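Chain IDs A, B and C follow the sequence of writing; residue 1 opens each chain.
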Amino acid sequence: MTAIRWRSVLFAPANQPALVAKLSRSAPDVVVLDLEDAVPAPNKGEARAAAIDAIVTLGAPEGAPLVAVRVNSVRTSWFDDDVSAVVAAGVGAIVVPKLESIDDVRRLHAAVTAAGATTTRAPGATPLLVAGIETARGVADARTYLADGFAACYFGAEDYVADMGGERTSSNDEVRFARGYVALAARVCGVAALDIVTADIADAERFAREATEARALGYAGKLCIHPRQVALARDAFTPTEQQVDRARRVLAAWAEANARGVGAIAFEGQLIDEPMATRARAVLSSID
Amino acid sequence: MTAIRWRSVLFAPANQPALVAKLSRSAPDVVVLDLEDAVPAPNKGEARAAAIDAIVTLGAPEGAPLVAVRVNSVRTSWFDDDVSAVVAAGVGAIVVPKLESIDDVRRLHAAVTAAGATTTRAPGATPLLVAGIETARGVADARTYLADGFAACYFGAEDYVADMGGERTSSNDEVRFARGYVALAARVCGVAALDIVTADIADAERFAREATEARALGYAGKLCIHPRQVALARDAFTPTEQQVDRARRVLAAWAEANARGVGAIAFEGQLIDEPMATRARAVLSSID
Amino acid sequence: MTAIRWRSVLFAPANQPALVAKLSRSAPDVVVLDLEDAVPAPNKGEARAAAIDAIVTLGAPEGAPLVAVRVNSVRTSWFDDDVSAVVAAGVGAIVVPKLESIDDVRRLHAAVTAAGATTTRAPGATPLLVAGIETARGVADARTYLADGFAACYFGAEDYVADMGGERTSSNDEVRFARGYVALAARVCGVAALDIVTADIADAERFAREATEARALGYAGKLCIHPRQVALARDAFTPTEQQVDRARRVLAAWAEANARGVGAIAFEGQLIDEPMATRARAVLSSID
């Protein structure tokens, strides 16, 4: 089994067939059929039915992306039916928005277990779980619930700022604290972290800048809401040839120094020691 | 009863009658008679007596601001007498500086209760409580004590940096972590957050920039130390006509889209979904 | 006994005699003989032996810096022997890298106690302990273990970012959260905080800028990896004549105002009250 990559995670409203049909075309690592914020209340049932069909269609081809569904929050009346339907359809991952507490996570596990018990899916086919961290409490308490069975999490800046009663700006200053903390909490809990949506879909420069920042912070990928953003995310979270080349040279110089009993050397003006070697190895392993 | 607004919170030393007399003139949302840092030790008694008079005078007119007193810290010998005197005088709010722990908060509640028992004030007239968060420990432990009966809190950058052994700079980089965390802790605890003092009273541009940043972070208002700062704070924490207009258009477009079964639409180049609608509603409700 | 200063803390690999010999020449406050990242595995024993010699040589002269050794992590096989050897040699401080938990700290105390029991060193000569905070978990849990017997700690950005799976950049944006939090945790725990290494040893401007930022955040000094960085650190963490002069004038103006019953005055366009006076006193005490 290949390890899951989370570089580009493309969302589409599950009840918009034209957008769903195009989801795989940009070759994202993960596609997400959204039942939550992008679907108005009266259309939740219709969206769920469309998601069930799309799970099969999108996941069928060789080399298809991981197919995920964002269900409605555990605190809504749609939640149990959403989980039950998508587990039965064999969804690859369930994205759960606005998680806030260990109680929320317990409800999630209970729903997944209940759903699995009524399906004929093979053992081990349990979907991956992705936590949506996008409220004040969800951020503040992330460490208390994130270690409990999640493969990944995302930081949702729009909902977070709405919940804080703040204002979204292009500087992202208002989410700097939370964006830094979510990366840390995710790492401590052993969970891949996915960066914020760039709502201005025409601004490729902003998307690329945010993706570069996110990668530096330790994020593994970025949420995308338009196919054009997928290639930008893939590029930002994949090392460049130059980075790969530099990593190889760092490791060569370092191995050579080690053989001489030296563990810290100057390399192109920088001190190279164990942590730099660790990062160089991470660069090379990420392109395998 | 109208909801309290915290956009502009103007301080004056209680023992300086000329400044106290001018407190209401700039029409701040809240006026604070300071018994703490702005009053030297030998003048504490005189300041307290002046505050008692001013509580009545300042609070009397129709449409008067909320009248608050900043008492001395719970760890001083003045604290109990300060609280007792201002509660008896019918103060609207008590601002308590340098809070650090749940023990401090217990002492505060004990003092307020003791003061209330010896007065003839009507039930329900208990003053609002405002927590001063302005030490390393006070910031680090804010969540442990802030949920316990406070209506608002402020982040005091000058005292915080002094306690950290740091340096204040015009970049505010040295308080970025604490300023972000206090906003989050306040929101999780359901408490309005008030932003730092701008000590350079001649620098209106800095005040306005800080207020704009603070509003984006979720702060409800800003501490003012000069009447000229009040209008700047009011402006920054009140939506502009343009913002109100945009919020109305966002909600109209979103309602129209919802009626068509669409929950995420492009609006002036941005994706609009539930969190943007929530923020638009917040803008409109803040001008009621 | 003079209080320890931590402004400039210069590292050298213990197994590189040419670098060790030059350690004191730049007059750092603290010198650190590194047994960890700068020494490859096969050379650990040789480095330890060299460190034992250097502890005596470097610490002998009148006015010598505090002599420290960075041992290998508590989770390595070298740890117990490292501690035992350097305690027996009378080391002034032990720097312990990659601390993460109270369990790690217990192992550290156990090793120091065990080492002390087999030596003839006088009571009270227990070495100071310096905690290396340089992993995700080490940062996130700093408050849980840092109060337990440490004199100082450092934040290691290179290892931290490697552990986060992020990228180091010259902006330091990727370590802003952790750098802010470590300063706060250190202050709450009563521990001096030491700022990150500047790996680009030729970039004096970057070193100076980082040191100035660090001082504003409340850091007491900065790790140095080249003798040239020592004077830059000393300068940044020592008040300038101008700062000392201003502090004196602030305190004079404030005392004069206090005598008139005034506790908050305008001074060169800024409001001066108790926290500013506290900082002015700190400036003066740091030059004693």
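Assume a residue touches a chain if its C-beta (ideal position, glycine included) is under 8 Å from a C-beta of that chain, and two chains touch if they have at least 3 such contacts.
Everything numeric here is computed off the predicted structure, so don't read it as measured data.
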Rotational angle, Cα trace of chain A fitted to chain C, multiple of 5°: 120
Interface residue overlap between copies chain B and chain C, same or different (over half shared): different
Averaged-CA centre spacing for the pair chain C and chain B, given as whole angstrom: 37
Residues within chain A bordering two or more other chains: 176-177
Chain B partner contacts - residues on chain C that touch it in the complex: 143, 176-177, 180-181, 183-185, 187-188, 213, 215-218, 220, 257-258, 261-264, 266, 269-271, 273-276, 278-279, 282
Contact set on chain C toward chain A in their complex: 13, 15-16, 34, 36-40, 42-43, 46, 134, 136-137, 139-140, 156, 158-159, 161-169, 173-174, 176-178, 197, 199-202, 225
